[in-house]
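What follows is a pair of complexes built around chain A, which joins chain B in one and chain C in the other.
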Partner chain A sequence: MTMFNLLRRQPWVITVLVFLILVTVNTVLQPSFVEPSVMQSNLATFLPLILVAIGQTYVILAGDIDLSVGSIVALVNVVTVTVIAALGGTLGAVFGGMAAGFVTGIACGLINGFFISGLRFQPIVTTFATGIIFAGLAIWVLPQAGLPVPDAYWMTYTESVLGIPVVAWVLIAGVVFTLVVSRLPFLTRLTAVGGNRTGAFQTGLSLGGLRIGAYVISGAFASFAALCLTGETASGDPLLGASLALSSISAVVLGGTALAGGFGNATGSVVGALVLGMIGNVIFFAGLPFEYQTLVQGLIVLAALAGGVFVTRR
Partner chain B sequence: MFKKLVLAAMASVGIIASAHAQEQSFKIGLSNSFVGSEWRTQMIEEAQAAAAAWAEKGVKVEVVVQSGNVDVQGQIGHIRNFMNQGVDAVLINPGSPTAFNPIFAQAKARNLLIVATDAEVSSKDAIYVGIDQKAWAMQSAEWLAKTLNGKGNIVAINGIAGNPANELRVAGYKEVFAKYPDIKVLNEANASWDQAQGQQTMQNLLATYPDINGVWVQDGMADGAWRAIEAAGKVEGIAATGEIRKDFMTRWSEKKFNSGASVNPPGVMASALNVAVLKLMGKEFKDGVFGGTYGNAIYIPIPFVDGNNLADNLKAAEGKPGYWSVTATVSAEDAEQYFQ
Partner chain C sequence: MTNALEAVGITKIFGAVRALTEGRLTVGKGEIHALMGANGCGKSTLCKIVAGAVAPTSGTVGMDGHDVRFRNPREAERAGVALFYQELSLIPQLSVADNIFLGRELKSGLFADRKAMNRRAAELIGLFDGVSGQGLTVDAIVGTLPPDQRQIVEILKVFAQDAKIMIMDEATAALDGRQSQRFFEILKAKKAEGVSTIMISHRLDEVFAVCDRITVMRNGATITELDTAATTRKAVVHDMVGEVRAAAPKSAGLSTDRPSLVVKAARNASLRDVSFETYPGEILGLAGLQGQGQSALLKSLFGSEPLTSGDIGFEGKSLAIRKPSDAVMNGFAYVSGDRGRDASFQGRSIFENIVAALAVRNRLRIIRPAALKPQVSKVAADLKTKFAGLDMPIGTLSGGNQQKIFIARWLATAPKLLLLDDPTKGIDLGAKADLFALMRSQADAGATILFYSSEDSEILDYADRVLVFNGGSISAELKGDAMTSVNMTRAAYGDAA
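Now for the complex of A and B:
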């Protein structure tokens, strides 16, 4: 029973098992999977979702939700490339553009937090609406996909530093962030806000600040994801990131975080995002007919979620 | 030993073999980013059929498909999987004109041939085989303007703002209507290429403007728009562009719509496949064959359906399901014209 209790307290262990199974299946179907270059390319593909899922976790832990992350990614992307182009495409311009993008992401998080925590708006509807606004702003900033960034930007993104690919460094930084935050009182308080909001309020926690903080973290990670996507695509596209909101929520739940808030951790969400990415790969290398690929993908995601549900059910 | 035998065998049939070319075999990846439309399904099925047809010519074309509702990042993942699997060429219906530049560059570095279809891409490392979306729109706009004798009030219903094909189409009809000073565009709305939204938008437009003479509307939204026109009892007084699915053409014929439709054939991917296979066989493109916005496009013919040939098109659709679209493919023989 101890094993079962462990799983109940740490439901993301199930997701780790699912991940290992998917890796095994993928390696059998595609032996080149373990080659460093192939692993690097897979990681590059999954990285934006991983980053967005990390940010989404903190919002969900506080009992809220952020449906606007995909639009934030699009807006940060177009702001970044527009500023780089406006500043002349030099190395300084690249850093200026990245900074402008990052500030945009933080601002989006603040706006979400202000409406939801400050004005007590309902989170699902509000972030759905702000998502439309951010997407609209993205089209206003860059009406059509284009504006290539300097080659140095995407080339650096695909290269290695100190023998380790840049994408792996970004992943390591993200995971370290989640581990550091998990040691901070901030996370305990945030979890309290999600688990028992009235109780948290009565103990004197600053609910407003904590919830706004979570949305700002989500906005910040959405902007990191956008900067990675800019490295992937080397250009601006106002329609980028459309599927990220729901995928990131799925990744968070797969990672063992309760959708109602109050329980879970962001490191699990990293594994959850990896599982979602791997499912797509396995389906391809299994050679399924194209008519069934979407259906089977949905079924596997459902099965992976069900594993966690059955274990944690009392 | 085995090697020697093979060499000997090859030498002995050398002269015949060089004429008939040794059994060639290619693996081609197809990437599709949107599954919510029968048009895309038909596109993939026609490409698969075109690949199978190469067997008659002694060329084995194996097709691997990745299809799902994915964003740009997901489609980059498709291309990476193809690269890791080791295909010879990738055919892609791309979700963005610019976002694939780095991944195309990486694929090209590995000697992959990249052919985009249905939507143009800006990459120098890819080519585009498909229709000119702007010309597609100009053709039906021209039909509408002529049908109205160059005079009247028009509304337009478009797809998604910011989508590259949509922007090209909008530019196309604007250019045409600008040539007719007596044609007045009252309003331009977006309905996300959704049939129900198209219907609703048309209802609103009909309620707002009682004196509409013509409607320029794209793709499946035309079906919805025509339903709204029918409901308002204005079939006789309005000319509107149509679409090319069998269900719609049947209603068009029965209810005598005054309509005309440019065809974006689902066969574009099959056309792209035929071009790709010829290129993989070692043929070189003719000089000056590429044009378009990015100088990498081979534009293929755009059929047109109107009252004159509607019956023929319905006849060709006999026995097909209701969602079947009028199609056309640049055959392997026709594709030779693009090569030296």
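Now for the complex of A and C:
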């Protein structure tokens, strides 16, 4: 297999290289980068985007898109803290709140899937609209930021288990999930739906079930992201995660998944999200003003898209 | 002995259209059975009913002596019916093995068993060993394969289902001679295992070389069932045609000194070495079974599916037509039967729909409705189009009147070559008659007309000469007394007159 063919079939290899370069540059600029505590705090910062990007990948693979993930994160966050507070802040209440938040995320995914796959609504417009609705619900549930969670919640999140930080465990679990799913027939079928919908239908695949499944996965991962963010902020905020939708799409594209669907994998999106996070870090430690971060992020996504077009177009 | 398949008294009505009036199909166990007939005779509908993709209005389908009623293709598949799709069901981004087993993955526990699938896929690919060409491997990405290998993958996808009845609708269309030969050898081997095949083919040669029995259909009904060994090609063609029709007499006096359009060795994905000439004032009919290159030729002349090699000459000049605007600038016009896809600007006014081609032809940068409306009204009125006003949306018109608008669009540019791609599809009889009268008056005024119709009778009635297409090339040129329905059908099945 030639180099070009390798890149064509595994475009995320480039992203891995970019990631390694960013890590090197970051280590030079900030020697403390390799210290466990710094790595842990960086990871905690990147984790929500990584998780949302994993979920977003499955939606995009099927040829759809989910612009509502940011609002799902906010809604899950406020539902979780509100339920914990309502149940009295005990250990049981923490689990109750997390479960309620998780169910909320799944429900959001089902709603998106129902409108788009069941009623054949257009995905971009629909998830834009449901995103506004979920954000509205979040503000209705918790009008103002606040409502701190019990210490046990955020302390556990910043602790280590078996010598490995909880945040790292979450990342490992996420990656394992993507690897497990990549071995299920589900992923091939989902890719088929995004690759050639007519063909997938004629082959007898259940398009509706697969597309709804992808939105539910996206909702579930938005919930995980929200639960992690709750551990990070230790309270509720209805305006959380506003930029996550577009960032997650950028991460998915950087990870080598085709925006049109039918090609890519979620493991690549994890690397894509790490790159996006690292760009911010490097720019910060390079002494460049913060306001450049967004600009550079945009340019990098543009470059990645151009690269994808260059690599996949014959 | 019970038959593998026994479909009796099948009817199917789509709205006002009776697609099947008396469909009957009996296929023995381990039999290769040809289903033959002209365009629109109902063979595709009958196959779809057997495969569960269409529900019959009435009639019974039996398999191995038991009545079955499939609600969807999945149920038919479970009962052992596998349908070949002409390349439509492949996923270009997936590998050969993934495509072959899509939706029917082999598993170990919850996981896809890639090893087993790759092993089985390799066995299946091995069936075409030596003729499949390079690069057809289990992990090749289907989108990168050439058309013949993609078709082999589609065939293997059918074989992988280990069905009792396989429906092969034009399964050899993209294959070369050796690949087709191998395909038939495999079918014969499957026959020995008791697998039956229903074959639709556009080549009489194939049918007589491979098939045990033949069912002939005409106008939605099964006409006859024949043993291949006990019949002749001539008899089969006559059964397909029914009453023999000759061409309607045409006005003589066509000047054939100087051809207007000259096409030499035209090739692209759907055309193989097409060469012919036409003359000013001639209506040249294009006939044959659907999808044999007639539409592809018209589209290539119009630049929407350009040629990959070959020459197009018009009025003595050699032309390079790479896109539709090239064709329009040379005075070509293209009218398609698929109005929704190829012609209509939905939701826009009749005026805008008519003026579109004129704007391209005359390179108009600014459209002044007041200046153009008299001209536009005149062409529309010449065609006896019925409409409330030029500002009404195009969707308010009937199919026939819409088609007249799209023809008016081109007449406004005074075309020298009219490319008509099954233009009468879905329009009423009155509009058809107007269209044919218009065709003749344009020809009499000196235009050259290429007229493809999926209905042989329209060609016989209105074309001066006919080219019959088979597998992307011209299988016969018929004119004068030779222009009969029998000769057209023979040529459509690749049997030169």
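Just so we're on the same page, the second predicted complex is superposed on the first by the 288 of 314 C-alpha atoms of A that agree within 3 Å, B and C clash if a C-alpha of one lies under 4 Å from a C-alpha of the other, contacts with A are read in each partner's own complex, and residues count from 1 in each chain.
Everything below uses one rule, namely that contacts are C-beta pairs under 8 Å (C-beta built on N, C-alpha and C of every residue); 3 or more make two chains touch, one makes a residue touch a chain.
This one's a predicted model, so the numbers in the text were calculated from it and none came from an experiment.
Novice: After the chain A overlay, clash or fit between chain B and chain C?
Specialist: fit
Novice: On the superposed three-chain arrangement, identify whether chain B or chain C touches more chain A residues.
Specialist: B
Novice: With the two complexes superposed on chain A, say which partner A:A192 touches: chain B (first), chain C (second), both, or neither.
Specialist: So A:A192 only meets chain C here.
Novice: Put simply, what angle do chain B and chain C open at chain A, by C-alpha centres, to the nearest 10°?
Specialist: It works out to roughly 130 degrees.
Novice: Is A:G262 contacted by the first partner chain B, the second partner chain C, both or neither?
Specialist: second
Novice: Please state the minimum Cα-Cα separation between chain B and chain C in the superposed model, rounded to the nearest whole Å.
Specialist: Chain B and chain C, overlaid via chain A, are at closest 31 Å apart by C-alpha.
Novice: Considering each complex separately, which residues of chain A are in contact with chain B in the first and with chain C in the second?
Specialist: none
Novice: Please name which positions on chain A make contact with chain C in the complex.
Specialist: 9, 183-185, 188-189, 191-192, 195-196, 198-200, 202-205, 258, 262-263
Novice: Can you list the chain A residues touching chain B in their complex?
Specialist: Touch list, chain A to chain B: 30, 32-33, 38, 41-42, 44-45, 48-49, 139, 143-148, 154, 158, 229, 231-244, 277, 280-281, 284-285, 287, 289-291, 293-294, 297.
Novice: Across the complex, what residues on chain B touch chain A?
Specialist: That would be residues 30, 32, 35, 41, 44, 64-74, 76-78, 80-81, 83-85, 95-103, 106, 122, 160-164, 167 of chain B.
Novice: Note which residues of chain C are touching chain A in the complex, please.
Specialist: Against chain A, chain C makes touches at 73-74, 77, 85, 88-94, 98, 102-103, 105, 107, 110-112, 141, 157.
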